[in-house]
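There's a structure below that I have some questions on.
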Amino acid sequence: MERYGIPLEGFLVISTAMFFIGIYGFLVRKNLITMLMSIELILNSVNINFVAFNSYLFPENMQGNFFALIVVAIAAAEASVAIALIINIYRRFSSIEVEDIDEMKY
Amino acid sequence: MNILALFIIIPILTIIGILSTKDHRGTRIVSAIGMGLQLITSVVLIYMFYAERNAGNHADMLFMVDYMWFESLNIHYLVGVDGISVAMIALTSVVTFAGVFASWEVKDLPREFFISLIVLATGVFGFFISLDLFTMFLFYEVAVIPMYLLIGLWGSGPKEYSAMKLTLMLMGGSALLLVGLFGIYFNSAPNGGQLTFNILEISKITIPMEAQRFFFPFTFIGFGILGALFPFHTWSPDGHASAPTAVSMLHAGVLMKLGGYGCFRVAMFLMPGAAHELAWIFIILTAISVVYGAFGAIWQKDLKYINAYSSVSHCGLVLFALLMMNETAMDGAIIQMISHGLMTALFFALIGMIYGRTHTRMINEMGGLMKIMPFLAVCYVIAGLASLGLPGLSGFVAEMTIFVGAFQHPDTFHRVVTILACSSIVVTAVYILRVVGVLLFGPVRNDEFLKLTDAKWFEKVSTVTLILAVAFIGIVPIWLSDLIRLSLKPILDQLSSF
Amino acid sequence: MNLDQFLIMRHELLLIGVVLLLLIAEVFSKSEKKHFMIPFAIILFLLYTIVGFLPAKTGVLFGGMYQTSELVILFKNILNVAVFIILLQSASWLRKDINHERISEFYIILLSSLIGMNFMISAGDFLMFYLGLETATIPLTALAAFDKYKNKSAEAGIKFILSSALSSGILLFGLSILYGTTGSIYFTEVAEKLVASPLLVLGFIFFVSGMSFKISLVPFHFWTADVYEGAPVNVTSFLSVVSKGAAAFIFMVILFTVFKSLSNMWGDVLYLLSILTMTIGNLFAMRQKNMKRFLAFSSIAQAGFILLGIMGASELGMTSVVYFVLVYVFSNLAAFGVVSVISDKTGLESMDDYNGMYRTNPKLSLIMMLALFSLAGIPPVAGFFGKFFLFTSAASKGYYWLVLIAVLNATISLYYYLLVVKAMFINKNDTPIAKFKSTFTDRLALIICVAGIFAIGFASPIYELIRSLSFGF
Amino acid sequence: MINFSYTIWILIIPIFMFLLLGLLGMKFKPIISGVLGTIGLGVVMLLSYYAAYQYFFQLPRIDDAYQQILAHNITWLNLSASLQIKMGVFIDPISVMMLVVVSTVSFMVHLYSIGYMKGEKGFQRFYAFLSLFTFSMLGLVVATNIFQMYIFWELVGVSSFLLIGFYYERPSAVAASKKAFIVTRFADLGFLVGILLLSYYTKSFDFLNITGPVGIEVTRNLTQTFLGMSVATWALLLIFMGGAGKSAMFPLHIWLPDAMEGPTPVSALIHAATMVVAGVYLVARLFPLYSFAAPDALTVISYVGGFTSLFAAVIACTQFDIKRVLAFSTLSQIGYMMLALGVSGYGGEKGVGYMASMFHLFTHAMFKALLFLGAGSIIHAVHSNYMNEMGGLRKYLPITHLTFLIACLTIAGLFPLSGFWSKDEILVAAYEHNMLLFWVEYLVAGLTAFYMFRLYFRVFWNKEPHYHHKPHESPLVMTIPLMFLAVASIFTGFLPFSKMITSDRLPFETETNLMVAIPSVAIGLVGILIAFLLYKKDNTRVEKIVKGLGGVYTTIYNKFYIDEVYMFVTKKIIFNLISRPVAWFDRHVVDGFMNGIAGVTVLASRKIKGAQSGQLQHYAFFFVLGAIAFALIFIYLWQ
C-alpha cells in the first residue's frame, strides 16, 4: 500500500532509525540537555510509528493519532520537569555533565 | 477446650506473663511456672491419651481439631496426636522445663532470653501436633528462627558466625522442604478433586510414582538437614558450640528431632513408594553419619563439639532406623529420638554448668572434676553411660530396638550397614570414656578449679529431671515402646502397601 | 458526566478533589502557619480513604478506556492505606523548618502521583495506561528531588527522570509496534487480535522492559538503588511500596488479559527475569550499609518474588500477588517507618549506626525486626503467608525448580535481614542511638503497620476476599 | 511343686542396696554403709544357698533330669510380634551353681572390704558399686534369655569399669578402666551381632527356645553361608567373641592385667571369680546349640582356650606384680574352662568336659578369690604390689600365709584339694578328645604350679627386704573370708558335680582316670620343686636363666608386646589415621563446602558491584542491552 507515494516501510525505517539514534544519543552524549533531546527523538519516533500505522494500516479509527498527541503532551511535561531538575543539578553540582553525577553507587 | 490448644496457649500466656514482669527474678519464676504447667499438661495428655485408647478409641489421631483456615487452598489448622506425637511432646516439655532451670542465671536481657526460648518451644509443640503440612511448616519455621537471636545474643565464641550459619543452613533445608511440600500438595489429588495439605487425607491416596521420585529427596533431605544428615550436618557442631546452655539443650534435644519426625511423618508416610526405591541412598548416608559422627567425636577437644558430633552419630541412627521401614526399627528410631533428646539435653546442661564454672570447654584444660564438683561429675558420667548405651538408661533401649529391627532385613546390604551402625557403639564408648577419663577423673590439673563449687539447686532440678526421664525410659521401656508401636501401624501399613 | 460515572470513578475524582482542596488551602493559608496543612491533609486523606472502602459501583467508561472491578477498587484501597501510612510517617519530617514552605507541595505532588496510579490500574486501553503511568511517574521524579539542598536528592531526581523517560520511550516503542500489529490499543481488542510474530514479540519485550523498569526488575533496576537512597525516606517508601505495587498489579493484569495467548512465552520471560532479579537483588543487598539503599535492593529482590505469583497465571496467582502486595505494604512501611524515624531524629542512615540500638530503643528495634522477618518470610508474621502463597502459585504451574531457587534466595535475603537484626540486637556499641521519644504520628503509623504484619497473615478472610475477586485463566 | 519366686529377692536386695548407698551413702558413716552392704549380701547368699538346696535336693526331677524353671518372666520390651525382651529368673543347674558362687564370693569380698577399704575416701561409693556389680552379675546368671543376659552383661561391664577406676585420681586406674571397658565393649559388639543373627533365625531370645529342640533344629538347618561358614557358626562364634572379651581370652585379654589397678577385693570378686567367667557361663548356657549346630565353633573355642591358658601361664612366670601374676593365672585357668567346653560333647559321659568346666569354674572361683584376697592382705601389710619388695612374710602374716599356701596347692592341682578334681576332669576331657590340647594343658598344669610357687616363695620365704613398717597380720574381718575360702578350696572338690551339673542335666558317674591324674599331680610337684629351687632362697640362678633366655624372656616379660600392637592399632591407626582425618575432613571439606557456598555468594556480590557504577548511562546501557537481549532470545531461540 502506498499512500502519499511513500511506502509504510519508509516511515518505519525512519522511525526505527530515530529510535536508535535517540538511544545512541542517550547512551553516549554527556550533556544532560542533549540526553533529554535524545529522549525526545525516541518519543518522536514512537509518534511517527503511531501515526504511520494509523493512517496506513488502520485508517478506520484515530487511535494512533490520539496516542501520538498524548505522547507529545506528556513529552512536554516530562521535559519541563526534567529541565527543572537539570537546573537543580546545575546548582548543586555546578555541572550538567552526566558523568559528574555519581555520588551514589555500588 | 481441647487439650492440644493448651500447648500453644500456655507458652503465649507465659510470654505475656514474662512481659509483665519487672525484674530478673520474676521473669524466671514466670517461665518456670509456665513450663512447669506445660510439663504437667503433657503428663495429663499422656494420661488422657491412654484413657482414650483404653476406652476403645482406635482412631489414628486423637484430640483432633480442624479449623478451616485458607479455604480456597484447603489449608486447615489441623491438629491431633498419636502416640508418637504424645511422646515427642512429653520430651519437649521435659527438655524445656529443664532448660528453663539450666538458664536460671542468664544475666543479660533475661526477659528476651526466656521469651525467645519459649517461642522456640512453641514452634516445636506446634510442629508435633500439626497434621496439616502448612501448619507444620509454619511451626517448623517458628521453631528455627529464634535460634538466631538465642545463639547470636547469648552465645559464646564465634557466636555470630555460628548463629548465622545455623539459621541459613536450616533455612536452606526448609527451602528443599518447601519444594517437597508443594510437590505433595499439588499431587494430592491425582484423580481430580480438592488438593489438600492434610496428612491423613494425602495418606489415603497414592501420589504418582514419578512425583514421588522427584519430591521424596527434597522432603527427606529438607527434614534431614535438621536431623543432621551427612553431609548437611555441619551447622550442628558450630551451632551447638556457640549456643547458650538451654539453647543447646533445646536444639539438640528437641529441634533436631523435628527432622526425624518430619522424615517419617511426611516424607515416608506420604511417599512410601519412593521411600522404598530411594531408601538405599539415604541408608548409606545415614550409616556414614553414624560412624562418621562417632569417629569425628573422638578427635575433638571441645566438650560441645564432642557432643555435637555424637549427636550427628545418634541422629544418624534415627534416620537410619526409620529407613529400615519395619515396626521394630521405626519404634527404635522414635525411642532413640526421645532418648537422644533427653540425654543430649542432659549433656549440654552439664557442659553449660561446667563451662559456667571453669570458663573453658577444652577437656585437656580440665581434669579431676569428680573431686571438685561431684554432683555434676556423676551426672556427667550418667549421661555418658546413657549415651554409650548402658542398659537401664534410655540409650540402650533405643539402640537395641533399632539394631534388632535393622536386622530383620536378611540381605547383605542391610546386614553390612547394620553391622557398621552397630560398630558405633564401640566408637561411642571410646569417645565417651575418653572425655570422662580426662575431664572427670585423674588429678586436678588447674589449682584454680579447686575453689569451684558444685551444682546449685536449680541446676540440680534441671539435671535430675532429665536423669529421671532417661532412667525411667531405660528401666521401663515397654511403656514408651508400646505407646509408639500402636501408632506406627498406619505408617507401616502405608509403607508395606508398596 | 452523570452520577453513575462519578461513582465509578469515585477514587480518582475524590482524590482530585482532595488535591484541589489542598491547593486552595495552600493559597489561603498564612505562610507562618503552614504546618496546619499537615493535620488537614492527613485528615482529609483519611476521610478519602474511608470513603474508598464504601461499597462502590464497577463498570466501564469512555468506551473501554477506563474500567474498574471489585479487585481494582480493593487494590486502590490498599494503595490508599499505604499512602495514608506514608502521610503519617512523613508528618514529623515535614514539620521541620526546612520543609515549612513546601508542606502542601509535598502533599499535592504525592497525591497527584497517586491519581496517576489510580488511573493506571483502572486502564482499559494502552493510552489510559500510558497516561496514568506518566502521571504517576513525573510527579515522583520531582518528589525524589524534594530535598533540593541535598546533592543526593538532586542526583536521585535527575537519574529518575532520565531513566524513566528512556524506559517510557522504549515502552512506547513497544506499544507502537503492538498497535501496528494488532490495530488497536484497547486491551480487549488487542487480546483478540494477538498473533505471535517476531515483530509482536519485539513489541512485547519492549513493553515488558518498560514495565520491568517500573517494578525494578533486573537488569532494568539500576536506577532504583540510587533514587531510593537519594530521595527523602518517605518518598522512597512511596516509591518502593505504592509505585511498585501499582505497577506490578497493572503489569499482571495486562499479562493476564492482553497477553493471555502468549502466556507460555511470558511465563519464560518472567522465569528468567525473576531468577535474575532475586539473585542480583540479593547479591547487591548483602553488601549495603545505607539502610535506604539496603531496603532498595531488598525491594528489588522482593519484586522477583512477586513475579512468581504472576507466573502462576491463575486466580491463585493473582490472589497471591495482591495479597503479597498488601503484606508488603505493611512490612516495608514498617521498616521504612523505623528508618524514617531514626533518620528524622538523628540523621543517621547507616546500618552501623544501628548497632546496639535494642538497648536504647527496644520498641523500634522490635518493630524493625518484625518488619524484616516479615520481608524475609518468617512466620508467624504475615510475610511468611505472602511468600508461601506466591510460591504456591508458581508451584501450581510446575515451576518447582524456580520455587527452589526462590526459596534459596529467600534464605540469602534472610542473611542480610539478619545482619540488621544482628546490628540492633547483638552488636556492641559504646554510643548507640540515644533513647528518644517518637511523635504521635510516627507511633500511630508504626502501630498500624505492626498490627497489619500480625493480623493479615492469620486473617484468612482477607485472603479469601482477594481470592473471590481475582481472576485467572 | 516348689516355688522359686522368692529368688527375685536375690536381685532386688543388691539393687536396693546400690540405690540406698549410692543416693544416700554420703549421709551414713562409712562403716554403716559397709555393714549394710554386707548384711544385704549375706541375705542374698543365704537365699542362694537355700535355692541351691531346694533345687538340687528337694525339687523332683523329671525323667531324671533337673528341671528348668522360669521363676519369673515378665515382658520388658516388645520388639516385634515374635521377639520380646523379657526379664526374669531362670533356675537350672548352672544358674543355681553360679548363684552360689557369685553370692559367696561377693559376700566374702563385702566382708573383707570392711577391713581392706577402711579409711578410704569413697568407702560408701565402693559399697554401692559392689552392690551394683553383684546385682548385675546375679542378673546375668539368672537371665532367662540371651538379651537379658546381654543387658546384665553390659551392666557388669560398667560396674567393672567403675570399680577398676575406683581410684579415679590415679591416671593409671582411669586408663585401665577405660581399656577394660572398651575392649570388652568391642567384644560385646560381636556378642550383639551374634545375638541379632541368632535371634533372627530362631525368632526368640529365650534360652528355653533357642537351646531347646526347636532352636537347635532351626539353627542346624540353616543353609545360608557366609565366607564358607554357616550362619549359625558365625552367630555362635560372634557370641563367643563376646564371651571371649569378658573372659579375657586371647587376643582380647589385654584389659585384664591392667584391671588390677582396681582395689584388690574388686579384683578378687570381678576379675577372678565371677565376671571373667561370664564368658564360660555364656558358652555353657548355649552349649546345646554349640554342640549341635556349630561344632566348628566349639573347636575354635577349645583352641582359643588352650592357647590362652598356655600363653598366660608363660607370661605369669615372668611378672613381678603379684596381682598381675594372679591375673595371668586367671587367664590361664579360664582358658582351661573354655577348652573344657570346647572339647566337650553333649550328653552323659561325652559331656564330661562341660561338667569339668563348670566344676573348675566353681573351684577356681573359691581358690582364686582366696588368692586375690590373700594378695590383698599382703598388699595391705606391705603397701606394695611388687614381689621384689616382699619376702619372708610368713612370720608376719601367719593366717594369710597358711591360706595362701592352701590356695597355691589347690591351683597347682595337688590331691585331694579341689583344684585337683576339677583340673583332672578337664584333662580327662581333653585326653579323650584331642591329644594336642591335652599336652598343652598338661604343660600348663606344670607351669601353673611353677609360677604360683614362684610367687609363694618370693613373698613368704626368700630374703626379707627392709620394711618401712613392720608388716602385720590383717584384722579378723579380712582373715575370716580367707579362712572360709580356704576351707572351701579344700573341700569343694568333693562335691558330686557330675550328679548335679551336666550338659543334658542328667546325672552321670565319673571315675578318676589314673592315667591322667597321676602324671598331672606329678607335673604339679615338678613345678613346685623347680620354684622351690629357684625362689626359696635368694640366689643367682634365676638371673642366669633369664640371661640365658635373652630376648625370649624380654618378649615374654613384655607380654609378647600385644599391648603395644593394640596401642599401635588404636592410637596410630584408628585415632590418627581415621578419626583425625575424619575430623579434618569434616571441618575443612564438608564444612568448607558449606562455607564455600557462602564465600562464593559473597564473592559474587563483590564482583558484580561494579555494575552499579552510579553512571546513569551505564544504567541505560544495561537497560537497552537487557531489552535487546531479551528480544533476541525470545525472537530467535524461543520456540
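So that you can tell them apart, the chains are marked A, B, C and D in the order they are listed, and the count of residues begins at 1 in each.
Note that in this section a contact is a pair of C-beta atoms (placed from the backbone, for glycine too) under 8 Å apart; a residue touches a chain by one contact, two chains touch by 3 or more.
These numbers come from a predicted model, not from an experiment.
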*Select the chain whose centre, defined as the mean of its C-alpha atoms, is least distant from the mean of all protein C-alpha atoms.*
B
_Nearest whole angstrom, what separates the Cα centre of chain C from the Cα centre of chain D?_
77
_Whole-Å separation of chain centres (CA-atom averages), chain B against chain C_ = 42
_Chain centre separation (chain A, chain D; CA means) in Å_ = 96
_Approximate Å spacing (C-alpha centroids) for the pair chain A, chain C_ = 27
*Specify, in ascending order, the residues of chain A that touch 2 or more different other chains.*
23, 26, 35, 101-106
*Do you know which chain C residues sit against two or more other chains?*
158-159, 162, 166, 170, 225-226, 287
*Which residue numbers or ranges of chain B touch two or more of the other chains?*
168
*Which of the chains touch, listed as pairs?*
A-C, A-D, B-C, B-D, C-D
*Across the complex, what residues on chain A touch chain D?*
23, 26-28, 35, 98-99, 101-106
*asked:* Which residues of chain D touch chain C once you look at their complex with the stated criterion?
replied: 601-602, 604-606, 608-609, 611-612, 614, 616, 618-620, 622-627, 630-631, 633-635, 638
*asked:* Which residues of chain D touch chain B once you look at their complex with the stated criterion?
replied: 75-81, 83, 85, 147, 150-152, 154-155, 158, 161, 165, 168-171, 173-175, 177-178, 181-182, 185-186, 188-189, 192-193, 196-197, 199-200, 574-575, 578-580, 582-583, 586, 590-591, 593-595, 598
*Please give the residue numbers of chain D that touch chain A in the complex, ascending.*
609-610, 612-617, 620-621, 624
*In the complex, chain B residues that touch chain D*: 165, 168-169, 230-235, 237-238, 292, 295-296, 298-300, 309, 326-328, 331, 368, 370-371, 385, 388-392, 396-397, 400-401, 403-405, 407-408, 410, 418-419, 422-423, 425-426, 429-430, 433-434, 437, 440-443, 477-478, 481-482, 485
